[in-house]
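Presented sequentially are two complexes of subunit A, the first with subunit B as partner and the second with subunit C.
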Partner chain A sequence: MVQPRPRSQKSPCPLWFFLPAAVIYGVFFLAPTATSFWYSLTRWDLTTAEFIGLENFRQFFSEPFLVQSLVNTLIYAVMTSGLKTVCGLLLAVLLTGNIFARGFLRTVVFFPVLVSTIGIGITFTVMMHPTKGIINVALGALGIAGPGWLTNPSLALFSVALVDLWKGVGLATLIFIAGLAAISTDYYEAARIDGATRFQQFRRITLPLVRPATITVVTLSLIGGLRSFDLIWAMTRGGPGFSSDVVASVIYKQYQAGFYGLSTAGNVILFALIVAIILPLSLWFNRREVAQ
Partner chain B sequence: MTIHIKAYLASAALIALTAITPAHAEVTLSFLIDNNPDTVAAAEALVEAYQKQTPDVTIEIEQRAGGGEGDNIIKTRLATGEMSDVFLYNSGSLLQALKPQQTLVDLSDVPAQAKVDQGFKSVVSADGKVYGVPFGTAMGGGIFYNRAIYQELGLSVPKTWAEFMANNEKIKAAGKVAVAQTYRDTWTSQLFVLADYYNVQAAVPNFAEDYTNNKAKYATTPAAMKGFDHLKEVHDAGLFNEDFGAASYDDGLRMVATGEAAHYPMLTFAIGALKQNYPENLADVGFFAQPGDDATKNGLTVWMPPAIYIPAASEKIEEAKKFANFVASVEGCKIMTAINTVQGPPLIDGCPLPADVPPAVTDMLPYFKTAGLTAPALEFVSPIKGPALEQITVEVGSGIRGPAEAAVLYDDDVRKQAKQLGLSNW
Partner chain C sequence: MRHIRPYVTGGIALLFAAVVFILPFMFILIQAVKSKSEASRLSFSLPQEWLFWQNLIAVFKARDYQLLLAYFNSTLITVASVSILVILSAMVGYIMQRRRTPWNAVAQIALFMGLMMPPAVVPTIGLLQDLGLFKTIHGMVLIQVAYNLSFSTLLYRSFISTIPRDLDEAALIDGAKPWQIFFRVILPLLKPVTVTNIVVQSIAIFNDFTNPLYYLPGKENVTVQLTLYNFQSMYTSQYNLLFMNILLVTIPPLIVFIFFNRQIVAGMTAGAVKG
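Here is the complex of A and B:
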């Protein structure tokens, strides 16, 4: 991204203009990151840190729940990201069309984004109560025995992911609406003259031209999903047992237990995981974009 | 009447104090406690009484969060030398994590220690020195039961696990919930395992020592496995409330108090909450120790209250010691039992129980009257308790994981904690 600048084109601003920002960035971002790499190699109780090499990483990878939490993290991230992209695009197409009460509906879709995640988590936990929750009471009135949304170990993670979709789809919709608005109406006009159907217009014009917005939504929601913690913690605390644990909640539990070195190592692993997934993805997206 | 005794004792203590120290300047002590309403009420009453009898001492109470966050505050403040002159913290394994030999003042020579229960002293000691004085009464870990249901179905308090299960079947047949479980608050799931420790140590007397020294494991000690086995057995028998996965601690208390459920395994500190939230049902709630295999070896697993400690970095150690002495005195004990709901027998010799204790407390007393019928919980005789136990017991109680596999998993968790504590042999 940054290209070596020719000497003659020297910036009019002196280099030390950059210093205040550099100091803040260094003290609050670079130094803690560097120290966290160090502490991940120690057994740390906040007062003394004993160097133990890669023992924390070995421990983290031998945690029986860690493998499951890694799989859960990927399931959660891919599921929420995919659903937000698909639902967000469909909602955006709907909300840019000529429909009744468009502004109001846009607000309604975006509203959950503004509400506190913890508040949403607690509200849905009450609504998803297996016997007294409104969801199962409503299902019961229809003669359907509702499942234990958050208490069934094979269902809990998916229930939380659906709530995450409800909460996050508004932001994806907003990005897509902006992306759709940037597409010139000329293309649609030309396509209509050529006799293209509505679906063909969507497939051949909307989808390719809304690509920058799609990339933004996929990347943002994937990163959000990989490091997701607050909603899961508010709703299940990784439970029942360990069945909805993700990497971030495992890390938090290690910290709570006083295993500071171990939880720092977990953060380093999460960092590596996010880089390993997002870096190739964004390189691939960018190359495709350039190739077009 | 109590006021007269208090006044008398106060003046006696005052005379004793002035006799030792002729005159001293005004002193302000800081006193850090957790923000539990019961704790705050008791601490305020103690401070008020102490300031009345020692006018030149002012004590300022500071509050902190409880749970894991509170642990962090205590550890950080001790490490940075910012600790208050007196502070309140857990006894047992959590105290050991503070490394008391290095960070705390030895309170063995505080006069009031002479009347403090030996069992309590052992859970605030390290290397033969006593570092704390008790703040509150002993607690039991076992099973709360609804006396109305027991009466209605003609049941008697079980002395063995088989009798307990037989009772459960009758309760289930009568269309009631036999055992309340509340996994929304995961910590409540540990009781069947933790409260079984009396039975473990009755069968394997040196379990705690071998467990601390990395020689005994849950998975390979059949007596220790029983807690996990029992939890699975109760789950498999379908005795739980339907919403056990989503119910909370408060739901559990409501169920056993109002007769929705017959049993709720819990620590007796719940008596305070029961009295506050369900005062009209308090007389219906009884308590018994978690039964084992042998009716002749029926005993209670005991939890110890938190203690008052003084950091070695304090500049007012002598004044702080006098306050600690007051807290541990018969008078201090009486102030606390008068303010808060009693959760079990007092740990100060000569401190009587109030006359109107609820049945759940009177049910505990016989265990304490005979030597050998109580044993401290494992977390008070070993510094190691694995932090993931509550998730593991939720799994066993929900039928997600079998007891054998769960015990292996817990042993692994214990190993991690032992390494963090830097224990030898691990």
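Here is the complex of A and C:
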């Protein structure tokens, strides 16, 4: 008679441990995600859904302001992600160097990450007031006529992106600091003996070796940028006009207006956009990683 | 010259940080203690009279003590969802780390989706209505659990790999049941990562604006972030009270940050580098 393997019969890790989490996650996250594909093809008032084919998507891609929200989402995500990566790395290099008040500076840069986005949004909206705001008053004192940061339609999205940078750069800095700490100082010593300049050390040692942290920062901030809603909503509500609308704010506006099918189509477009950008990017990052 | 340099760069960086990162917080503080007419000038000047207490009381009294109710609701949601999150995600992280089953691949994909995908809002509202959970605190708690499960599980999974398997097996030989092993042996050993997780998730859930906006409308369900939003649209003339409200919302994370700085940093980077 074959003895059953005792470990498989009485494992200390029963599979039912997955169950409670799986039920909550399945019901409240996966199920709505799955049904959203169906609802995006309907005219829907939460009780009855009438199938209308791709009409919602056709509308999304033919209304100029909806198309603009799509373009804005891409601009916003690429801009915030790029700025956070560059500024985060520079700040991390500065804050791992031998400088005065290093701990305090790290704290100050990181703290905005933990503060309410809505609170920050309102504060900066007031500070960016075209005539009374302290930013333009300060610029005026220097003899510069400050622009209407949030009232100029061609500037509003960029102003919000700058506030996003202010709030989010601390997290990027923190990740880069962890990445820099993992680089052995031997490399720098060897490079110094060979007469490498500071810039050469940064270019040839820091930049290639901090790559895993860079990948993390780029991926995280791109996902965050594509999904971002609360800061934009607190600062401009997508305005002036539709000039700073993104897909996430369109989803909310269409929901408020009662166009549930169209709102859900926006959601499906946002899924597709995120998958289309993040999946190839992470595959590409992983391939480069293996190749090295 | 050589040893002056760190002080010079540090000094410049400090000045820059002071202007860029501290000034907005100073602005919040001085706006919050000004009188109504002075605050509406939006200028960066010291208040003529400090009305800290008056404004504090006024902001709490506004609209039938809405802010007090909001603190109560936010605290309730945060405490309940973080407690559930800790237990459930530690269980999932434990199995994902310890056992090799086909379900691990499924869990892995689900984890990745949860980190990346935005939730489908209107279908979720439809579902909550069907279940009778729309506009309820417990519905909100379940949503927060579902949305934050991935990040929380990730933290646990990487930490559990550092706990020796011998411990589980020794307990098993002693005749402990699986749930006893988990709750009596494993969970206590996870304390460092649990503290990190509690702190990071509490801040995220307390600061959440979008999900209560969608799933928890209604005056009696107001959360702290929503009071700001209501204030912004209703009392545009009372900037002093608006900023007092911002100040009050900023203080809880500040206190948590002062006490748990190290855990927050650990949680943010651990989750981030793995994700």
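The rule is short, and it goes like this: the second predicted complex is superposed on the first by the 271 of 292 C-alpha atoms of A that agree within 3 Å, B and C clash if a C-alpha of one lies under 4 Å from a C-alpha of the other, contacts with A are read in each partner's own complex, and residues count from 1 in each chain.
Just so it is clear, a residue touches a chain if its C-beta (ideal position, glycine included) is under 8 Å from a C-beta of that chain, and two chains touch if they have at least 3 such contacts.
No experiment lies behind these values; they were computed from the predicted model shown.
S.K.: Should the superposition on subunit A be reported as showing a clash between subunit B and subunit C, or a fit?
M.R.: They fit side by side.
S.K.: Quick one: classify A:Thr107 as touching subunit B (first), subunit C (second), both or neither.
M.R.: Touch partner of A:Thr107: subunit C, not subunit B.
S.K.: Considering only touches as defined above, state whether A:Leu46 meets subunit B (first), subunit C (second), both or neither.
M.R.: both
S.K.: Is A:Thr117 touching the first partner subunit B, the second partner subunit C, both, or neither of them?
M.R.: In the superposition, A:Thr117 touches subunit C alone.
S.K.: Looking at the overlay, does A:His129 come into contact with subunit B only (first), subunit C only (second), both, or neither?
M.R.: Both partners, subunit B and subunit C.
S.K.: Mind telling me which of the two, subunit B or subunit C, contacts the most residues of subunit A?
M.R.: C
S.K.: Thinking of the overlay built on chain A, is A:Gly258 touched by subunit B (first), by subunit C (second), by both, or by neither?
M.R.: In the superposition, A:Gly258 contacts subunit B only.
S.K.: If you take every C-alpha pair with one atom in subunit B and one in subunit C, what is the shortest distance in Å after superposing?
M.R.: After superposing on chain A, subunit B and subunit C come no closer than 5 Å at C-alpha.
S.K.: Is there a shared patch on subunit A that both subunit B and subunit C touch, and which residues make it up?
M.R.: Residues 46, 129, 132, which sit in both footprints.
S.K.: Please output the residues of subunit A touching subunit C within their complex, sorted ascending.
M.R.: Interface residues on subunit A, with respect to subunit C: 10-15, 17-18, 20-22, 24-25, 27-33, 35-36, 39, 44, 46, 94, 97-102, 104-105, 107-120, 122-124, 126-127, 129, 132-134, 137, 166, 171, 174-175, 178-179, 212-213, 216-217, 219-220, 223, 227, 229-230, 234, 248, 251-252, 255, 260, 263-264, 267-268, 270-271, 274-275, 278.
S.K.: Would you mind writing out the residues of subunit A in touch with subunit B in their complex?
M.R.: Listed in rising order, the residues are 43, 45-47, 50, 59, 64, 125, 129-132, 148, 150-153, 237-243, 253, 256-259, 262.
S.K.: Mind listing the subunit B positions that touch subunit A in their complex?
M.R.: Against subunit A, subunit B makes touches at 68, 71-72, 75-76, 79, 97, 183, 186, 242-246, 387-388, 391-392, 394-395, 398, 400-401, 409, 412, 416-417, 419-420, 422.
S.K.: Going by the contact rule set out above, which residues of subunit C touch subunit A in the complex?
M.R.: 6-7, 9-11, 13-14, 17-18, 20-22, 24, 27-28, 31, 41-44, 88-89, 91-92, 94-95, 98-99, 101, 103, 107, 110, 113-127, 129, 142-143, 145-147, 149, 153, 168-169, 171-172, 178-179, 181-182, 203, 207, 209-210, 213-214, 224-225, 228-229, 232, 239, 242-243, 246, 249-250, 253-254, 256-257, 261, 264-265, 268-269, 272-273, 275
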